[in-house]
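Both of the next two complexes hold chain A, though its partner changes from chain B to chain C.
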Partner chain A sequence: MLSRREFLKLCMQTTAGMSLARLLRPEILKALDQGEITRSPVIWLELGSCTGESISLDNTLDPDLKRLFLEIIDLRYHWLFIQAQGELAIKTLFKTVEEDAGRFILVVEGSVVTRNDGMYNIVLDRNGQLIPGIQLLKEIAPQAKHVVAVGACAAFGGPGAAYPNPAKAVGVQDILNLKVINIPGCPSHTEWMVGTLAHLIMYGEPELNNYNCPTMFFGKTIHDLCHRRSDYDNGKFANYPGDEGCFYKIGCKGPVTYADCPTRQWNNHINWPVKAGIPCIGCANPHFPDGMMPYFEHLPDIYLPGGKTRIEKIGATLGGITALGISSHMIGSILTGRMGKNQIKGTQLREPNPGEKAPVQEKILDNLEKTEKTSQELVLSKLDEILRYQHNLNIKLMKKPSFLKKLKFWVKKKDEK
Partner chain B sequence: MVKKRILPLTRVHEPMQVEVEVNDGQVTDAWVSGTLFRGFELMLENRDPRDTAIYAQRICGICSTAHAVAGALALEEAYNIQPTPNGSLIRNLIFGSDFIQNHLRQFYVLTLPDYARGPNTSPFRPLLKGDYKIPKNIEEKLYENYWKATEISAKAHQMLAIWGAKAPHQQTILPGGVTEKPTAEKINMFTALLREAEKFVVEKYIPDVYTIAEYYPEYYNIGKGYGNLMSYGLFPSGPGNDKHFKPGIVEKFSRKPSQLDPRKITEEVEHSWYKQDEAQHHPYEEETVPDMDKPQAYSWVKTPLYNNKPFEGGPIARMWINEKYQKGVSVNDRNIARALELKEIINFMYLWLEKLNLGQPTLNKHEPKPTAEGAGLTDSMRGQLGHWVKIKNGRTAHYQIITPSAWNYSPKDKNNRRGPVEEALIGTPVESLDSLIEVGRVIRCFDPCFSCSVHVIKGNRKLDKYLI
Partner chain C sequence: MLKEIIELHSLPVRILHWTQVFIIITLIICGFYIHYPGLLNIPFSTIKNIKGVFNFLLIINSSLYIYYSIISKHYLELIFSFRDIRFIPVFFKYIFFLKDEPGYYGKYNPGQKATYTFWFLLILVQIFTGLTLFYPETFGFFVKLLGGLNRIRITHYFATWLFVFTIPIHLYLAITEDPAKLQSIFTGYARR
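And now, the complex of A and B:
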């Protein structure tokens, strides 16, 4: 069998026309043949989803769906593919859970709906009783060998949990007290899913980053891998989608998004958003979509109890994690002299256009000085409020005291200034 | 009299529940319901309007392009701009590729297992009890095509990605056109893939649909429904409102389609889990709050009506209104019309490729307006789709989506009149109450997609009152 190191090399080495799966398939087949691994039972649960990940899985070309279903995995339950319906489908599901406990891989697609005890997402009728998705998930997940959350919704709540989150949806890891492997993206790339499944079958759990995403796919930022990176370094910036140049100024979220889209590309290595003339919208970022919007501006909107407010109103401190990430990246680049003089000139911020009111760093700092209300305490109290309110941020950031510390330090510095 | 519930009804996009009342082996009443609520329209409020065409796609992974197109059309009407000719053509090519993907998956992945038995392994086993009439050797051929169809539909998404960056949820369609530019290389690559798809559609897909109809002729008489058909029109054919598939209305199987008047579209919530509101509303005005305690309600889907009547949409409606297929409306006819329509669409795609003008702009650059409103109406794969948007202070103040599955799978209206699919189910013969395979066949010929049928509009929240 391929060593794990060689496998990882294969996963990360993607060249046009050579899909990950094509490289993997012979190895998987060999291992299956020699009895080193067995065809793993898979249960695929769709909760509050758009079916995007299932369709993305459909898009696998090498191995094609036939080989995936007949040779590599044993797809026992996925309501897009199974022939059975109603009672027979439910029987099959629970039979697998019972007989293959500890062996099956549970793949979850879509956010977990919690409103009305989950009754806003009913997934099956067991002996006349309506079972919500959250209950089914809690019931079968402990029996699974691995739990994989595919797509932004299952991993972090994603679009299914966007403000004001009418269905009170959350990610899978917020519900389960189990290790959940997250494969973000909207939708997840078919190779991210097939590659992770292959790793699970052959070697067990892959190496994961802080957000439990496999580092073999989510190890570098889009910005670092981007083929327009030289435009950024040379200070050549686009002012409108479709133009030549780096999309940094029109809101590209590449600098804060960890994914290998630029090298892997989409749909059998055909294209990817920046190549097609549109900024990255950060769909693999844990804060997608609220933390990534507006798509065409640097700074995200902030949602507060009672409504949404613009970044200027609450001051630069709350400029969202995205803004912090993006601007600190640029400041860093200027300081380290990575960008030439023309770059600095190129990044001079254009006059905000009245229809668009592009919030720019300088402008926000000006506002911060003008506004009386943005004292340190107020800002921090509001920050707490936001963190509590925005569920994703709550979970991810509260665990990171260093972030808050940094933020407090930053606020203090600004206030002194 | 027996009442039976199927949940989950599988091989549809997202969960679905069907309840049927069976008398003497025939369906005598039906209740179809969506069982997932996400509240997408609420999420679309108060966003930057430039984001909505891209974000609205997340409502549905199978017909994402349709939502991008409708969203972009709505904003174009609001901003009073036109896409560039190249932009409009490329948008059609993207949308057309998604049709290839959708129609092939609808027939092979979702529908075929109802009629022909697949290989003896999961996910094709266990098998529902039913009348499988197709001989073994033909079944094997059909499943060869099943796997080939999954490959061709993946390649159709590859075609889509040539212009749309990625699929599902392409990213290049914006108000004013698309961001991707035509080059000779892309056109060549696209044409090669289109040829491959065309070959499969002509040589396999269309004959396979007829094969099923041949072995199951009774399904020409099952699933007829009201015969009320409706289309918003599909694929703009130039500047102005001309479309390759023209819009129209057909009542009670009439062979003469009449004009569509979008002002006659209303929605009501009598049997939906939303707080009651006395009147019917036009989508611009609709206000609703979710309410799961409502006694008579049984679905998250609302009841859209046209001129106070339920209407069905989809390939059969488009083909009928354009007088290209008027043999009948039934389970078989819907599947056949879908296959024939795909051939028509592929022919149009060659035409659009020829018209592409290298070097000409694909995007009409424009300034967003702070206050505006617009509607984007287009047909999608499974029927008529509408987006309605109101913009205030440069933000979306109101967003409303009525999807084709809301039209097709609507619950009963105020007068207890069934939705189109519920009506089509009436009279379906049922052999085994355990499997109800016949009910599944009727439902799947409409190409169900429940992720997007479920929607809610405005709540009683007060926005913009919170200041710091």
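And now, the complex of A and C:
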């Protein structure tokens, strides 16, 4: 069998015109023949979704979908791709859950609708009883060996849970107390799905990042892999979609999105958005789409309880308040004469008024001139200083100086004379 | 009466202050260039490298500032404490022209203390968000905790605006309110 290291190498390399499934298929078949692995039963549930992941999976060319399902995995239930209809299909589903508990892989597509106990998302009819998606998921998932959430909706809520989210949709991992392997993307790339499934069958759980996405596909940002990265570094920025240069200025979400689109490319390695001339919208980002919109702005909108706003608007408001405050204060200080007084008399520090205490923190360095009036306060402070000085002297004989005092290398003690 | 020369700002405070001014102004300019690129006909990576170096200079200088403030007990004068709350009414009366005398509060008045405390916290926020943006893989845990890279970018960007808005207030009051203290941040001394 292929070693795991070779497998990962295979997954991360991309050959033009060669799909990952094609590279993996002979290895998986060999391993199956030798009995090193067994075909895992797969249940594919679709909850609140547009069937985009299934269509994206359909995009696999060599081997095609039929070979993938028949030779590599053992697909037991998928509402679109199975031959069985009606009761037979549902029977098969629950039979698999019973018989292959702890063996089957559960693939979930689409967000989990939670409003009204999920009654806005009925997935099947069992003996005349309508089963909502959330109930079915909670029933099946604990028996599964692995739970895989494919697509942005299943993984993190995605478009299904976008603002204002009337259906109160959430991702699969928010509902289940199990480890969910997330394959984000809207839709997910075929090879991200096939590669992860193959890894699960052959080696178990792949290496995951903080968002539980396989690092073999989501380990680097699009920005780092982008073929227009040199334009970014050279300062060549496009002002409109379709221009030459980096799309950073018109809101490319490549720097915040972890995916390998630039090397893998879409539609069987033909093209991908930036190559086609539009910025990345960050569909593989966990915060897609609310954290990514508007697509042609650098930073996303901010969602406040009263609606959404732009950070620039908040900034401009604060700037206006500052400018208003400074200018009104300036007018006030000119009108009251404070400005003139400060500028003319302000070259020396203010004398304390009678009744006000001079700040104790000030370090008095030198007395310039003495008038006949002796400041009682100063005499007292000098006496106090002498006392403290003697006190310190006495203390020094007995006690070692503290660590902090040793560190005071810059503190001047001119006043001690 | 006596005429006295008073040391208001010791040499390390002055050095640290002006280094911080230089670093923060460079960082603000580079940061805004990174946000609104393409104005100058120079490689973008140059700006990024300058900012990359100054990021770490800010961390070093801020650490030194904190270190010095702690060992010289300067932080007692800089950081807003509960004791300063009782001065707030007097201070606001002076600011809103209800009272002519500014009053004595120690080295800094409550408004200054609040500003410096705010900046101290803001610099900590900037250093933390900046580091998470600089090493997103290393700080992956915090990236997830804070709600993704874009949320951190917004925080970082907005905190920069807060700097940009509060620095003019500091400058305006420093220049108009007390020229003696303004002089002392250059020379260190003031007369009474």
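Heads up, the rule we're going with is that the second predicted complex is superposed on the first by the 311 of 417 C-alpha atoms of A that agree within 3 Å, B and C clash if a C-alpha of one lies under 4 Å from a C-alpha of the other, contacts with A are read in each partner's own complex, and residues count from 1 in each chain.
The working rule: a residue touches a chain if its C-beta (ideal position, glycine included) is under 8 Å from a C-beta of that chain, and two chains touch if they have at least 3 such contacts.
Values in this document were obtained by computation on a predicted structure and should not be read as measured data.
Trainee: Would you mind checking which one, chain B or chain C, touches more residues on chain A?
Mentor: B
Trainee: Now for A:Val256: first (chain B), second (chain C), both, or neither, which partner does it touch?
Mentor: A:Val256 contacts chain C only, not chain B.
Trainee: Tell me which partner A:His287 touches in the superposition: chain B (first), chain C (second), both or neither.
Mentor: Touch status of A:His287: second partner only.
Trainee: Classify the contacts of A:Thr38 with the two partner chains as first (chain B alone), second (chain C alone), both, or neither.
Mentor: In the superposed model, A:Thr38 contacts neither chain B nor chain C.
Trainee: After superposition on the shared chain, which partner residues are touched by A:Asn210: those of chain B (first), chain C (second), both, or neither?
Mentor: After superposing on A, A:Asn210 lies in contact with chain C but is clear of chain B.
Trainee: Considering only the touch criterion stated at the top, classify A:Tyr295 as touching first (chain B), second (chain C), both, or neither.
Mentor: So A:Tyr295 only meets chain B here.
Trainee: Contact-wise, after the overlay, does A:Phe81 reach chain B, chain C, both or neither (first, second, both, neither)?
Mentor: In the superposed model, A:Phe81 contacts chain B only, not chain C.
Trainee: Do chain B and chain C touch any of the same residues on chain A, and if so, which?
Mentor: Touching chain B in the first complex and chain C in the second, residues 314, 353, 356-357, 373, 378 of chain A appear in both lists.
Trainee: Which residues of chain A touch chain B in their complex?
Mentor: Touch list, chain A to chain B: 46, 48-56, 58-61, 64-66, 69-70, 74-92, 113, 115-116, 119-125, 128, 130, 159-160, 162-167, 169, 186-187, 240-242, 266-268, 270-273, 275-278, 281, 283, 289, 293-297, 301, 304-309, 313-314, 353, 355-357, 373, 378, 382.
Trainee: In the complex, go through chain B and note every residue touching chain A.
Mentor: Per the touch definition, chain B meets chain A at residues 5-15, 17, 35-39, 42-43, 46-48, 50-51, 54-55, 58-62, 64, 105, 109-110, 113, 117-119, 121-128, 147, 150-151, 153-155, 157-158, 160-169, 171-172, 174, 178-181, 189, 290, 292, 300, 362-363, 365, 367-370, 394, 434-437, 440, 449, 451-452, 456, 459, 461-468.
Trainee: If you look only at chain C, which of its residues touch chain A in the complex?
Mentor: 1-8, 10-12, 35-38, 40-45, 68, 71-72, 77, 95, 97, 100-107, 136, 140-141, 143-144, 147-151, 153-154, 157-158, 161-162, 164-166, 168-169, 172, 176-181, 183, 189-192
Trainee: Under the stated contact criterion, what part of chain A meets chain C in this complex?
Mentor: Against chain C, the touching part of chain A is residues 209-211, 221, 232-235, 237, 239, 248-249, 253, 255-256, 285-287, 291-292, 298-300, 302, 311, 314-315, 318-319, 322, 325-326, 329-330, 332-333, 336, 338-339, 342-343, 346-353, 356-371, 373, 375, 378, 404, 407-408, 410-412, 414.
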